[in-house]
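Structure, as structure tokens:
Think of it as A, B, C and D in the order they're written, each chain with its own count starting at 1.
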Amino acid sequence: MSAAALETRGLCKSFGALTVADDINFRLETGARHALIGPNGAGKTTFVNMLTGALPPSSGRIVLGGEDITAMGQAKRVKRGLGRTFQINALFRRLAVIDNVALAVAERRGVARRMLRAASTHADVCAESMDLLATLGLAEDASVRIVDLPYGKQRLVEIAIALGLKPRVLLLDEPAAGVPSLESHRILQVLDNLPKHIAILIIEHDMDLVFRFARRITVMVQGEVLVEGPPEEIAKDRRVHQVYLGEQHHG
Amino acid sequence: MAELSLRDVRAGYGETVVLEDIAFELPERGALAVLGRNGVGKTTLLATIMGHTTFHAGSIEYQGKPIAGLPVYERCRLGVGLVPQTRDIFPSLSVEENLTVATRPGRWTLARVYDLFPKLAERRGHWGNQISGGEQQMLAIGRALMGNPTLLLMDEPLEGLAPIIVEVLLQALQRLINEDSLAVVLVEQHAKVALGVTQSALVLNRGRIAYSGPSADLLADPQRLTTLVVA
Amino acid sequence: MSAHAGGYSADPRIRWIESLPWIVAIVAFFALPEYLSLGARILIYILYALSLDLIVGYAGIITLGHSAYFGLGAYVAGILAAKAGIGDPVVQLGAASVLLEIANKATTLTGGADGLSGVVVAPILGLFRFDIFGKTAYLYCLLVLLLGWWLVRKMIYSPFGTSLTGVRENSLRMHAIGAPVYWRLVLVYTLSATIAGAAGGLITQTNQFVGLNVLSFESAGELLVMLILGGVGRIYGAFVGPVVYLIAQDFLAKQFPEYWYFGIGTMLVLVVMFARGGILGILDGALVKLRGRP
Amino acid sequence: MEAFFASLVSVAFHGAALGMILYVISVGLSVTMGLMGFANLAHGVFAMAGGYVLTTAISRFGVPFPLALVLAFAFVAAASVVLERLLYSRLYAASDLEQVLFTIGLIFIAVAVARFIYGTLQQPVALPDYLKGQFPLLGRDFPAYRVFIIVFSAVMVALLWFGVERTRWGAMVRATVDNRAMAQSVGINTKRLFTLTFALGSGLAGLGGGLGAEIIAIQPSYPFENLVYFLVVVSVGGLGSLRGPFVAALLIGIADTACKYWLPQYGAFPIYVATIAILLWRPSGLFGRHA
């Protein structure tokens, strides 16, 4: 078996007596289109925070492209190719769209600390950022500040920043959250056109989106993986129905 | 006159829109179940009625009086009570203080709440953060009742509780809906449970209404329920 | 746009209007010889305010401990404040106070509360003596300020400057794009402290006297006032603020100290309530209106 | 040995008096900063105002001392309501920087007004005869006024704690500090509660300023000079806490007195160092709510 893009082995997290992630063995293949679903409080956010390094696991290991990153800081994981987007926009609100993306690009290219040449003369950073915006249909908005940008487009900038890091693995945390339904098709388009070689894990509530996008789905319940499989199987799975309909478990 | 009536409501957090085109009427003493997968806006709907969200458009009327522009505490004083999903017990207050701090004159008194949840009477001296999840849930409900609401907004009151506690709460819930002149909006993941205790139901999907009709119809049509609530 | 935000789409070239401060400074040198010592003081405070603007305006961190660097612009202090001071003005205040106390108690070194007089300044490069009318001092300060301004301006337009505004706007996201936020802050504190230290050095050199008040909380507060008055995060706010403040102080404070304090307090309250961009912010707003843009 | 013991008792006594004053002044700051998240550097202005009210009432209008104390509280509390409604309330959502600047502005204004009315000299406190002289206790003599300060403050503290911990109003305040949104949901008008709490906190500062006028001199630069002490009490004690600042104030009062007595050559240096050390160790204070 070749190395997965991202893998967790026996990942656990507990706060005192409360276990929020219990022995999670998860495998994200190279170029995967994978979705993580589950009811509120299932531990999805905790899981993602452990992947990105925002939260240290109680036990278990996280392996990125064959390298153990369990003890690595957030910034280093990003440098190793682990990118993420945020459920609630985490943008540089008073900066222009281009600067939002260029900050990420410059960080990746290792020029972000330079202080002798003007930022705008770093042609490579600017060009790459503009290209990225163009592929997301944001080229015309490059010099608009985020605060002046419609919310739907802000969600796209959220994705653009993550792409600026050239991730091998991209975690999308509810990419369409809070977008009026009429505008959400644009986000779906963008997701469909993401580079094929990036392994993508999407955390999403919208089942239309999940079943359209994902080729594999993992269902989490109460900190554990309930079931994993292709969408057809998940749609038929009785346990999944129980979770969502709230039928009482007997035995 | 309807207890609660929403028309073309559009609301969210800041500029984020979570709810769109929400409209329904809840008759006096009515009980409404709000269903849907998580993240579809159920909690936001309750928060909007209570006044915790950014209101973009539409109207909310409580007993014929527009309340969308009122501050939260005014809505509470008019008779809207909230049992939040996260319970939000005040940790620096004792169990009893959690109840008395919410007191408004009316039928519901400390004694009646203790009668409904005897467990709370035993725990009256404990701090708000020193009681179990089930007791916190009872306290959250009791606290809302102390404000003597005519409209009770309940957000997943059965979530994460042991079956035996669920049983106790369900009984209390039945009692509230049947015996008391309370109108209830019940958000619940356990769809069948919620449909069982309500007359009408609302299913949300991506912040919009996907179904609105009698609870019994939905309960009688498992196929439809599955399609609406699962995928 | 006259607010100098830097960034990847900003044109870093120096605009003609940016020569205005220097022209004014030179005109003042010839036209107002009797005010040169005040002029030198203003130039020093501009440099000092510029250093503060880096931290407050660009990195977005409030500090009330900046006078510590003004007194002792040192690399070590930069790390201390960056570590201790993020989000907590009280610790910074404490740091400044400690330095104040050290200076206060190290009597043999600083002269204690009486101040340190008799600072003898050697001629600059062995050539230009500090004259009693302060001509040398003025030009010397102007030169150092020019250098400081050039450095700060260059930095603000650089990728580093942009990443600082990134930290100000959303430090969480900076972490998530792999930026070592902590070290960026250490770096900017160090730079800022160095410039503040240089300004402090200038005060000593031109006054040939160090008073303990350069380390005090009031001094840090006063500087913050000057910067806010001019406008935060826009380079030239640090020019306008000290000019207005110090000239007003020079004319008013000596005769009517209570009116002076009252005036400056009222001005601060008004700026916070009604004109959060400071004087330059007001001018900006007026220009936008004049041009008839929405 | 006997001499050392005597000085120990003396330091503890004078330190306790200073600590009590610091607490009465600072407790309002702790609550308003914890409750409203407002960085109110101008809190010392209220204490100074209380001091001026008291000294003026006694020396210029011949008001008896106890009534002057009441006036100091009432006048400052009333004035703070006006300030809160007119100015502070507009800045609750503003950034820390703006709040800091605004309150520094208020300090400047207050300093100017004080200088204009009273000049730069320290205001003398005309104590009534029954508070002058010595008070014999356990075979020692203690200055009667300091004894009064300690006893009176202790009563105030007891009343305050009772009010906050045993009354419904106190429960409302604690509920609002815990969770403002939920407090509104149970019908608490948090805006009005803010105003009242602010007035109470400011009134106490005024009372403390008046009561302590003999220990902490009343003069125009008061709000600047003592700001560090108030902030240290609050930040070491922990924001929003009632007991934390009490312990912190006593510690600081005694430590400050001890330093001045035994280590005068170091001034306030040890206190500042201890403060920094404590805050580096526990950034939200000894009793902070959000660790």
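Everything below uses one rule, namely that a residue touches a chain if its C-beta (ideal position, glycine included) is under 8 Å from a C-beta of that chain, and two chains touch if they have at least 3 such contacts.
Not measured: the values here are computed from a predicted model.
Student: On a CA-centroid basis, which chain has its centre farthest from chain C's?
Tutor: Of all the other chains, the one whose centre lies farthest from chain C is B.
Student: Taking each chain's centre as the mean of its CA atoms, how far is chain A from chain B in angstrom?
Tutor: Measuring from centre to centre gives 32 Å for this pair.
Student: Between chain A and chain C, what distance separates the C-alpha centroids? Give it in angstrom.
Tutor: Inter-chain centre distance comes to 42 Å.
Student: For chain B and chain C, what's the span in angstrom between their mean Cα positions?
Tutor: Centres of chain B and chain C (C-alpha means) sit 55 Å apart.
Student: Pull out every residue in chain C that's touching 2 or more other chains.
Tutor: Residues of chain C never touch two or more of the other chains.
Student: Between which chains is there touch?
Tutor: A-B, A-C, B-D, C-D
Student: Name, in rising order, each residue of chain B that touches chain A in their complex.
Tutor: Counting only chain B, the residues touching chain A are 12-13, 15-18, 20, 37-40, 85, 156, 159-160, 163, 188-194, 206-208, 225-226, 229-231.
Student: Chain A touches which residues of chain C in the complex?
Tutor: Those in contact with chain A are residues 5-12, 154-155, 157-163, 165-166, 169-170, 172-180, 184, 187.
Student: Any idea which chain B residues touch chain D in the complex?
Tutor: 50-52, 71-73, 76-77, 82, 84, 88, 90-93, 97-98, 100-104, 143-144, 146-147
Student: Given the complex with chain B, which residues does chain A contribute to the contact?
Tutor: 39-41, 88-89, 151, 174, 177-181, 184, 205-207, 211, 235, 240-241, 244-248
Student: In the complex, go through chain D and note every residue touching chain B.
Tutor: The touching residues are 168, 171-172, 174-175, 177-179, 181-191.
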